[in-house]
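In what follows, a single structure is set out as structure tokens and then discussed.
Note that the chains take the letters A, B, C, D and E in the order they are written out, and that residue 1 is the start of every chain.
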């Protein structure tokens, strides 16, 4: 459900960023419109009470309260500070959480290259390895991501979906440990590699690389569990939330138009709305990316990654097994000094301008040629 | 004792962050309520003295002192600056401290794969390796984490808990060095690997990988000792603490309601309380995570990690040894182009929409087809 | 199309940075002049309306609106804050995106060293490997970079350019998966290595290194796809954009010269222009580097990298295959203590001054010699 | 001489940080009390001159100067900005400088495992390798750390301390190069490994791992030399220093109590003292950690690390050589589902609560069970 | 030409940082004095014009202009913000650029260990490998660093300096590619390794390690080329430059002493000078380190690194080839529990105080001993 806008930003122009403002999925509007609506309800409730319901004495009182809350205006600065540092922390974590998601391409290519044979047993071995790797991913994904859990709520679903066999399910469920068991299929993979080596089907170096790739997968899964377990300290998130809510609570009063004011009465608090968009938008950045394994518009599409994992994994180890295109002499067989063809739009700027280091076009080389050898050095 | 709130933040909604404000464990309230109570005691003591105990001259004096401390208000900004940078430093360190905690899954899977045999001697070898690895972790954990030391205060406890044998304890305690000896069980592991290799039970590549995994474990343990030894420079922590306490000392006076003031008298310093929550909450973030191996609500549950380490370690090398499920032809044996089943909630958005790169859906490919080959390039 | 100015900044002088202001390609002027022009149009439209078209009552109203927007001035600070953190995030990502672009030098050198033979078959094997690696890069580049897609809009263009054979194209297009297929040529490479090993042409260690290099290439390509897919959360970009545009919308009014003002009337809003350059320039930094695989003056020249990749790759595996210059005794064969010759300009400062550690020139060593051995230690 | 306060911060409580204020070693007081004293001398000298020595006209002049310097107050903010970024840079570097210090545990464990034999020659080989590794560390340490140079000011001291033999010293000193020679013992190590391999005492894989570990040690030593050589650009440190000193020079005047002032006269500039502590404390953070290989209270205890290096290194390769405790059946030999014993204090919270992923306790799993298989997917 | 001040900062004292202010090489004064002089010229020109040349009306106008520019004062804050983030980006890059410079120690030690033999051919092989590695470095250095290009402006100089043979030069210059050819000597190295392996002079594992080290060197060289090619986006540097210059242009007017002012007239704008030092100093930090391969006082001494590279490289592979000191029984042969000797100054603090983890000195261990085994656990 990731919202990509790479293409729209491939060229910086007048409309590059403004155009992004007209998106709805993953947008600031979609994220804050409910809050903004509720907030304005409160604002106008107060406003109408003040304007139409209060008597003179109550108005004075109300105005004093509003004046009191204006003091807190000064705190604008610490709020944006706190937010800046908090969002920087969350954003760094967000990308690491993406990087932790394991892909299957590498490991299955090693399976395909090192476990050779096209008989049914070998194919089953390769396919089972891919299935177990996918199974590990799936168990971890269901543990950390609600959308994946919704899709595979029980082991029976995994069996039904073909990710687990019935006998594997039994072994899995009877493993005597209270801890989460996502490492079990990894263990099966390693054990199978161990057997293949004992049987002489793979040799020492191959087993080594196979095990390393499996370990890398296990490590990535472990990292996902870690990010899920160790949240950013709750107190930090609470401080940020309290600060933002307090700020806008104070604004509710201090932004009211008062009769004693000398300013123009706009009825609608336009600046307040922009401030709301600004600060709540910033807070929403943190909310959206603090757990990107979830359901938000901008969260990682883990269900899609899972689909791709199993299908591509099987393709690589089975359909593409030992597939090598017929070797041919390529187009540049006899012309070492060639250049790939260019279309007009790509040649204008850089055709023929190879990068030779910054010092070279600077004229230094030319003048340097005037140095007479033997004289340049002392 | 880690406070996780990943699930609550999996979807960004109106109540996502507000709901977090109603937690108690690890919360800002639990962390600052004592300080706040004491602070308010002082505040009201001053307030009542001023209102009821002082004569006119003393009041004037008191008001002058309060006015004097208002000057320091300007320093609001440097305080939040200092705090921002300090907490950023501590938070980066905090995650590195978590990452340093070694897990046993990887190393025991290598033990299980490479040290083959189901006889008692081989089983003892594998189990002893896991035990020694766990023992190393335990010794390091007791050295850096008070809760673990409370659980295993002496070597006798380790023996009693089955992590050390009696003879190992003697060797350990008689090792002639004043330095901490957590590396000794690591040394036993390496020596056992050395013997296995000398005996031809493991070959060169296997010993290599075994040693590398053991080294990785040793390195993680060393990193934990390092983080424990090298604290953030004391002077930095002191500067932050002094700044915060001075700031609120000044506020104690400057926030008093004075008779000469034209503002409304609220009796209760509501804004001050929010400021207190804000700045002390921020400071508490640092306090909680500066040594996350400790006792706080939000510290890492090292005792739990230890339990898991030994049990899972033994499971992998012994109960799961050479366990490979019966290989079967999987569900997609003959259908390479398949998709895992979807439940309704997960298909709405992304069913069938594979990610092909940002440039592809942008229309470029389509219009590009109109290029006539041979004309596009010059 | 990268704009390099390394040479101009190799020496910090009075004119180093000012001189950079007179560049056009990739410059702030080129990036914001259209916006600035439009913005000034609006400014003067308002200005002329106020000065010439409005009657007295309307002018008062207009002045009140302008006064109203002056309030937002205070928000200058949060804007630069937000911008600072946002640009820091984007800039870190920008360099990672460059580092993700795979170069072919390393992998083709390994091909050349380990796949030995100068017969046509072996040459075809090496050249095909290079071609497939290049092909993978090209497919990924077309998926993430509009200029490369413009150059190679279809597979037919790839065939025509000699990056793919006709039969490969068919295999590629008939691969039964909806997902992007850039991993397929990687799979061919691995399979060819697998066959070479099965044929005994490369041994275990060689295959290992070959596969690792191929995996590294695959990983780099995957990283490029990831950066393309996972944009910085849209809401962050929107918050920054809205903040900037709102700020200058308010400035449109608050910067108007009003008759009631006591300041000098400059007619041209010189300060506003500088502010515009400043904030829009900062925003443009983000716009330019948020997707550096694109078309901007400062984006990476991926088409050029592609040219280099294929040509250098083939040179290394084929033309330079087994090329070792005749070994000779070098100039310093009998003089171990030599120094490379220096020209005058490079000897002034550091000739003969080897770096021996900071403590050595400090005099400590000298005085230390006065220690009498046996006395220094207790 | 590192000041550790990990234990004091293991639990965040009311007194956690305040208690740190009562430390002396490495404290802000110890670091700034001299500066503060000198500064107050100047302050009071000016103060007394103004109050007692000046005539009316001179006083007016003095007051004008003081007023003039008050302007600079506004610059408070840039100062804390500059400081924040500068200290962040220095602090990141500080930890990297710690991480660069090489430990010997890993490398000596590899020596012990791979160079087998208990005869005198083999023991000498292992012990010499450890000694050369320690020697390299020592030479680098003397080059970068004044306390270590004080301990070992000449090669003769190294010989005397048993780190170098007399003949090694001669070889070392006659090596014909002006550059620092810390790499020489590393070269001896590699050459010995080369000989062991040539003699068939270690095989290919072993030599590989041995060389890699030696290279890692060399790299760490090189990094220490680099950090010593390449300081943070001098101009940055100067800007920070000038800014701080200028700020307090201005404060010297602007903080004077003037007769014309309407504020209360406190005689002692209490706020100024706090500001001094604050900004000079912050600056001292940078001063203390900018070269942590030095003499400060908070610098790394390199002499101690050196002691540990050599003793533990020899212990591992010699006394612990081939030491493997008698293998026994462990306590949980027949009970795979066990838990390590708990003391009361550690069980309260987390006993039996294994972490299963954030999604699991959230109720999703339960409700999910109501899905009827076959209905959940479409 | 690096300016090191590590020794001066090894101990934080009253004079540590102030003393640094009296350096000239690499100092802020050396970097900004020209700018400051020019700037003051302009300032006084304006000042004298105002004081002596203008009539009353013109003076009023001038004062209005000055007042106008005072508005921009508020922008002090954004400027320091922008500068802080910009310098942080540049400084991070600066250290990475240093780390990219390849050292030869590691690679030549591997050459010396693995390519065995003392005959002329083998020596030539080792020496040629070192020469080609150095040659690669040199070509890259000339491409990115003006001082190195000045030293070796043409290939002829390289031949003359003994880094290239005449026949190599021809091969190099006739290589049919427009791209920079620094990878060619790397290719020769790999090819030679390939031949050595084909000849059976090195075996598989050795070739592996040799190739990996060569690749690491190639990667470092590539990184240097990358840093040279991909500058920080020009627009960012321009924004910072424009902001600084505009700020001081406005200051030129707003800092003028006006007759209407009530402040004391100092004639010399002392505060302005400090501000100039502050902001221009900060900007100069960026200017100095944005391309540290250049000519500045604080740039890396690449010519020196080159000298060291070739000499040390040859020493290691040739003079130190197979050099192993006579093995002796070391001083602590029979005393495993020893401590290296200490001089008085180093024993005061830490003698005998081994670090055992933070929890141990805290008293926990002591009280823990009172636990009676069997009672502590439930």
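Following the convention adopted for this analysis, a residue touches a chain if its C-beta (ideal position, glycine included) is under 8 Å from a C-beta of that chain, and two chains touch if they have at least 3 such contacts.
Since the structure is predicted, the reported quantities are computational estimates derived from the model, not experimental observations.
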Worksheet item: Can you name the chains that touch chain C as well as chain D?
Response: A, B, E
Item to complete: Touching both chain B and chain D: give me those chains, sorted by label.
Response: A, C, E
Worksheet item: Which of these pairs, C-D, B-C or B-D, matches D-E in more than half of the residue pairs in contact?
Response: B-D
Discussion item. When I count C-beta pairs in contact, which pair ends up with more: A-C or A-E?
Written reply: A-C
Fill in: Interface residue overlap between copies chain A and chain D, same or different (over half shared)
different
Response to the item:
Two copies, chain B and chain C, superposed on Cα atoms differ by a rotation in degrees, nearest 5, of 145
Worksheet item: Just curious, how far off is chain E from chain B if you go by their C-alpha centres, in Å?
Response: 33
Item to complete: Express in whole angstrom the distance between the two chain centres, defined as the mean CA positions of chain C and chain E.
Response: 20
Practice prompt. Please list all residues of chain E that touch 2 or more other chains.
Written response: 4, 6-7, 10, 31, 77, 81, 84-85, 88, 144-146, 150-151, 160, 176-177, 179, 204-205, 208, 228-229, 284, 288, 308, 311, 315, 319, 336-337, 341-343, 354-355, 358-359, 362, 371, 376-377
Worksheet item: Graph of touching chains, which shape: line, ring, star, complete, other?
Response: complete
Item to complete: Spell out the residues on chain E that touch chain B in their complex, using ranges where they run on.
Response: 336-337, 352, 354-360, 362, 364-365, 368-369, 371, 373-374, 376-377
Worksheet item: Which chain E residues qualify as touching chain D in the complex?
Response: 2-7, 9-12, 14, 16-18, 20-21, 23, 26-28, 31, 73, 76-77, 80-81, 84-85, 87-88, 91, 94-95, 98-99, 103, 105-106, 109-110, 112-114, 116, 203-206, 208-209, 263-264, 266, 271, 274-275, 277-278, 281-282, 284-285, 288-289, 298, 300, 308, 311-312, 315-316, 319-333, 336-343, 345-346, 349-350, 353-355, 358-359, 361-362, 371, 376-378
Worksheet item: In the complex of these two chains, what residues of chain B are touching chain D?
Response: 1, 4, 6-7, 10, 31, 34-35, 38, 61, 64-65, 67-68, 71-72, 74-75, 77-78, 81-82, 84-85, 88-89, 93, 120-121, 124-125, 127-128, 131, 144-147, 150-151, 160-163, 165, 167-168, 171, 175-177, 179, 183-184, 186-188, 190-195, 198, 204-205, 207-208, 211-212, 214-215, 218-219, 222, 226, 228-231, 233-243, 245-246, 250, 283-284, 287-288, 290-291, 293-296, 299, 301, 303-304, 306-308, 310-311, 314-315, 318-319, 341-344, 347
Worksheet item: Once bound in the complex, which stretches of chain B touch chain E?
Response: 140, 142-146, 149-151, 153-154, 156-157, 160, 176-180, 225, 228-229
